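As written, the chains take the letters A, B and C, and residue 1 is the first residue of each chain.
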Amino acid sequence: MPNASLGRKYAGQPRRSSQPLRAATYLLLAITAALWAIPLVWLVCAAFKKPGDMWSYTFMPYGEPQDKLIAVDGPPNEEPWVINGQEITVGSAPGCSVRLSNDAVPPLALRLTIEDGRWIVRPGPGVRNVAINNETKAEHKLSTGDVLHIGPCSLRYEEAHTPTTRNFSDLFVHFNFGRYLLNSFFLTSAGTSISLILSSLGGFALAKYNFKGKHALLILMLATMMIPGSVLLAPSYELICKMGMMNSYLGILLPGAVGAFGMLLFRQAMLGIPDDLLEAARIDGCSEVRIYWNIVMPVVRPMSGAFCLMSFMGGWNSFLWPMIVLQSENLFTVPIALSQTIGLQGDNLYGLLMAGTFLGVLPPAVLFFMLQKEFIAGLTAGAVKG
Amino acid sequence: MSGTVQGEQSARFSLWRQQQRLAPYIFVSPFLILFCTFGIYPIVKSFYLAFNTTNGPRSVVFTGLDNFRFLLHDPDFYTAVYNTATFAFFSVFLQLPLSLALALLLNARWLKGRNTFRFVFFSPYLVGQVFVGVLASVVFVPRFGLVPRFLHATLAANLDIKLLGNPALVMPALVGTALWMYVGLNCIYFLAALQAVDRELYEAAAVDGANAWQQFVHITAPAIKPVALVVVIMSTLGSFQLFELPFVMMNGPGPNKAGLTIVMYLYQRGFDIGNLGYASTIGWTLALMVLLISLAQVRISGAMRGNA
Amino acid sequence: MDYPPGKAPLAILIMALASGLGLLLLPAGKSSGNLEVWTFADSHYRAYQKVVPHFEAAHPGVKVDLQFVHGRAVTSRLRAAFASDLHVPDMLETEISSAGTFFLGPLEDIGFVDLTAELHKPRPDGPPWYERIVKSRFAPYTSRRVVNGVATDHIFGLPHDVHPVLLAYRRDIFQAHGIDAEKLTTWDEFLRVGRGLMKELNASSPPGQIDHYLIGLSDTDSGDLEVLLFQRDGGYFHPDGTISLDDDVAVKTMCWYVPLVVGPERVGYPVGWNWEVTEKFLQTDFLLCFLMPDWFSGFFQKQAKSGAGKLALMPLPAVKPGGRRTSTRGGTMLGFTKKSKQFELAWQLGLELYFDVDSRAEQFQETNILPPLRAAWKHPALAQPNPYWSNQPLGQLYAAQADDTPPQYTSPYIQLAKEKMSEAICDCVDYYGKKGANGFEAFVRKRLKQSADEIRRQMKLNPYH
């Protein structure tokens, strides 16, 4: 009689996991996943935050959707003035009660206009300068915390606590971010394309041909793979200087095109191609190049996909060598620009930094989505087979 | 007439034959040329440079073993080695159990949403060291940043805790960040290995009366041993070449050189100061260390496999 | 069309072609001038942009290409350029802490033009430039060479600034407690009174919690210690290039400094560069005083709005009565490259950027930076009351101390020395925090000697020494 208790067919059979165990597992996984995801979620939110809101809200700002002027040292229950519309005039009256007016009533002390989503304060007619933060100026772009002085009164400006795309537009307008992105895209994709062709060609030759020096080459490449890249930094730098490729794209593309790892990967993948297939093609009169291009490459598509992704990610995030080679600011790639240029601007620009990081992370993420399966297959193929 | 047609055909045939013979050389040559120029030549030159000192612009002076002698007596080098080794040790031995545990959890047959979980754990790796470094430098800001607030809420730590400004806390911060980045990757390796194990083996073992622990020791563990070895070796190699994460997080070696790694030390001496010869010396020393450690790891695993 | 390698490689190839095309079409900002100038500071860049049109008008046919290059890039680009035959600008600015690193090797190899002769040349309208500028400001840009026992100084850069350091204090709080800070003329007095003030303010806080610190001083960074060391005529290097990091004066200064930032008698808290935090410090009265070089006062005005009208400046308390009441921090030099073929023209531009009184006065109004040219100190802009700083005539206050600023002697190892000093501070702070004054001086002496010896060893590795 089968052991009816708990639905087991025989003793020792792993029993169908109980509900509490499952719940506990899900809970554990959920907590860990939350911990893992939170910094990235924060990153995305921070990219859309105004400087004043960066630390006040953990994730997205959700407070007052209005810009306000608040009387400094005013009576405690005094309502802040909500500033709306495209242009506001602020006048002062005796008794330090500041009025907002939309009709032209002299005397006018300050005029506020919206430009590019930011309030700019300028003197009203009859007034020479505006007084902001104890300074007198001809005009001023308001940011949270600025204090306007009108006669004896002071008004503190507080920007609406809402998400903004300002960081992104600042990146492209004030910093050369479009250029940095273009540089990154070009260097990474050109590098990957070149690498792909060279590595697959070489891998093909190593896999399917017997030629003089084949074994020597193989051993040489395996040997060089054991040497960490830092050994090459100093002499490569000297070489690039001598060849005049310093501070140019070539200085990144050429040294980056060679990686023994890729060639060996393709060799591994191509070893499995049946030789009869190639012979048949030869009998049909195909040239070797056509065999490579039209027969072999389609067969190793999964490997190509994985290789492309790995190469792209490696190239996109590459930092040390580009930092050494690229000196002109208009050649910078996104990682270098973020840490060396934008990152050093000062602490009120965290939003900018996070926006740049967000944009910098997007392309490899998108590519990964497209190539998930190949990537994981490629990753694990080598590891699991040992 | 027919002679010329045949002559043409044989000419074409010999051309075809020629290109077939030459093909491998042509295929390999672009790679080979670039490889010799940017791979072999620098390696050889680096070996030469290690015995020279460059100082000031365009001057290379042969100084024999001076560089090596200096290296052996330089406290900064030992700081770098200590930092790097500490990082490698904690990185590997904290990541291993954690990623294995996650993989085991994710391996449950009945689990739904495995791919989603896998992606969530893996996403920090996608971000890349530089961007993670930038994010970390902001997330660790004392008093306001995410991590100090979290630590204050959970461990009652001081809100003003200077994770990147306090020399004692820099290494935990680095190890923690690296953990966040790489656990997902290692988890994927382990998961693939676990899922390659035939379920029937477990069934058979259960029939024989083995309990869960015995099943783990006799079926699961041997299956993941090769993967574990690969993970350990790769993690160690990667950790020893750590540069971008601390460099970007602290814009340099950090307070009291707490974040100085060997590659950073190389970069500073070679490119900030300009002594390319000494940089090569450091590079080769690192290569030697890495080689020795890899050999040791392979030996140990071989011994373990022999005993198992 | 079926791309044999696959979809993804095709996408990437298209990306490569598209971005390559984009880069070709996008204007690369090719320099279109014949006189190239690099600067790394945003404020300098903006100020110079105003001067350039004057210069171009006075020199027809000359187009000035003013470029903004980031700090780290300047040094690495220059080093790479000097090492290979890369393009260098005609003139460029470089910071005080990296200028010395270019003085390595034989004189002929230094990429900058030796300006000593030009500076000492008598001029038709008065004394040579060398005499018109605060002399101590040439030290960080000078390489001293000893040939056959005779020492000669070679100046490689024009100083941009003096950067005297004053003490900024919360006048409102001091006054509220009946203290006239101007009367505190020595460090001993200042610390005594300051400690009393700190105790009063902290009386209302829960025991053990300190909500008010007297002065902003770092416990991990050498920046503040430097200021106090220079005030005492100490420094990193002697004029002849030997290291002075372990001299008596350095040991004494460290022994005096560390108890100020750690331990039971602590009065200092690090200021840092996070302006939001600094704002909070001012709003909550967390820090009462700051070491304030002229450029820092400009930053405060722009970024730390909460301090407006509450802070005032006074000369640094002296070490001994009648002693030096200032120090210096930071600096920029203008160097001219040997590779440039237009030294005369570049020199003219340099003089106009740096030593034209009106343009320097304008720069002062933007940045509060005091020009090193004595003639400029009489300009009315420097006498204007500054509302942020309690309506004090900021320019004149700094100018009064300018001639007293101590010289900073440099060396190719200056950056290394600064790093070593920061490390030494960390270790000394650590020691004092754990063991207090017990054996502290001996430890400091040993630790500084260790750092100095490391640099000496580094110097010995240099075959040119």
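Rule of thumb we're sticking to: contacts are C-beta pairs under 8 Å (C-beta built on N, C-alpha and C of every residue); 3 or more make two chains touch, one makes a residue touch a chain.
Bear in mind that the values here come from a model prediction, so they are computed numbers and not experimental data.
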| item | value |
| --- | --- |
| Interface with the most contact pairs, given as the two chains involved | A-B |
| Farthest-lying chain, centroid of Cα atoms versus that of subunit B | C |
| Whole-Å separation of chain centres (CA-atom averages), subunit A against subunit B | 21 |
| Centre distance in Å when subunit B and subunit C are each reduced to the mean of their C-alpha atoms | 39 |
| Separation of subunit A from subunit C, taking each centre as the mean of its C-alpha atoms, in whole Å | 33 |
| Junction residues of subunit C - those touching two or more other chains | 76, 83-84, 274, 276 |
| For subunit A, residues that touch 2 or more chains besides their own | 55, 324, 344 |
| Subunit B residues counted as touching two or more neighbouring chains | 144, 271 |
| Residues of subunit C that touch subunit B when the two form their complex | 75-76, 79, 82-84, 101, 104-106, 109-111, 220-221, 274, 276-277, 415-416, 419, 422-423, 426-427, 450, 454, 457-458, 461-464 |
| Contact set on subunit B toward subunit C in their complex | 53, 55-59, 61, 63, 66-67, 70, 73-76, 141, 143-144, 165-167, 255-257, 271-275, 278 |
| Subunit A-facing residues of subunit B, complex | 16, 19-20, 23-25, 27-28, 30-32, 34-35, 37-43, 45-46, 49, 102, 105-106, 108, 110-111, 117, 120-121, 123-124, 126-131, 133-135, 137-139, 144-146, 149, 180, 184-185, 188-189, 192-193, 196, 202-203, 205-212, 226-227, 229-231, 237, 240-241, 243-244, 247-248, 251, 262-263, 266-267, 270-271, 276-277, 279-280, 282-284, 286-287, 290-291, 294 |
| Residue ranges of subunit C touching subunit A (in the complex, touch as defined) | 4-9, 11-13, 15-16, 18-20, 22-23, 26, 28-29, 68-73, 76-77, 80, 83-86, 273-276, 279, 301, 303, 305, 308-309, 387-388 |
| Subunit A residues within the subunit B interface of the complex | 10-14, 17, 22, 25, 28-29, 32-33, 36-40, 42-43, 46, 54-55, 58, 198-199, 201-202, 204-206, 209, 211, 214, 217, 220-221, 224, 226-239, 254-255, 257-258, 260, 263, 282, 285, 287-289, 292, 313, 316-317, 319-320, 324, 335, 338-339, 343-344, 350, 353-354, 357, 360-361, 364-365, 368, 376, 379-380, 382-384, 386 |
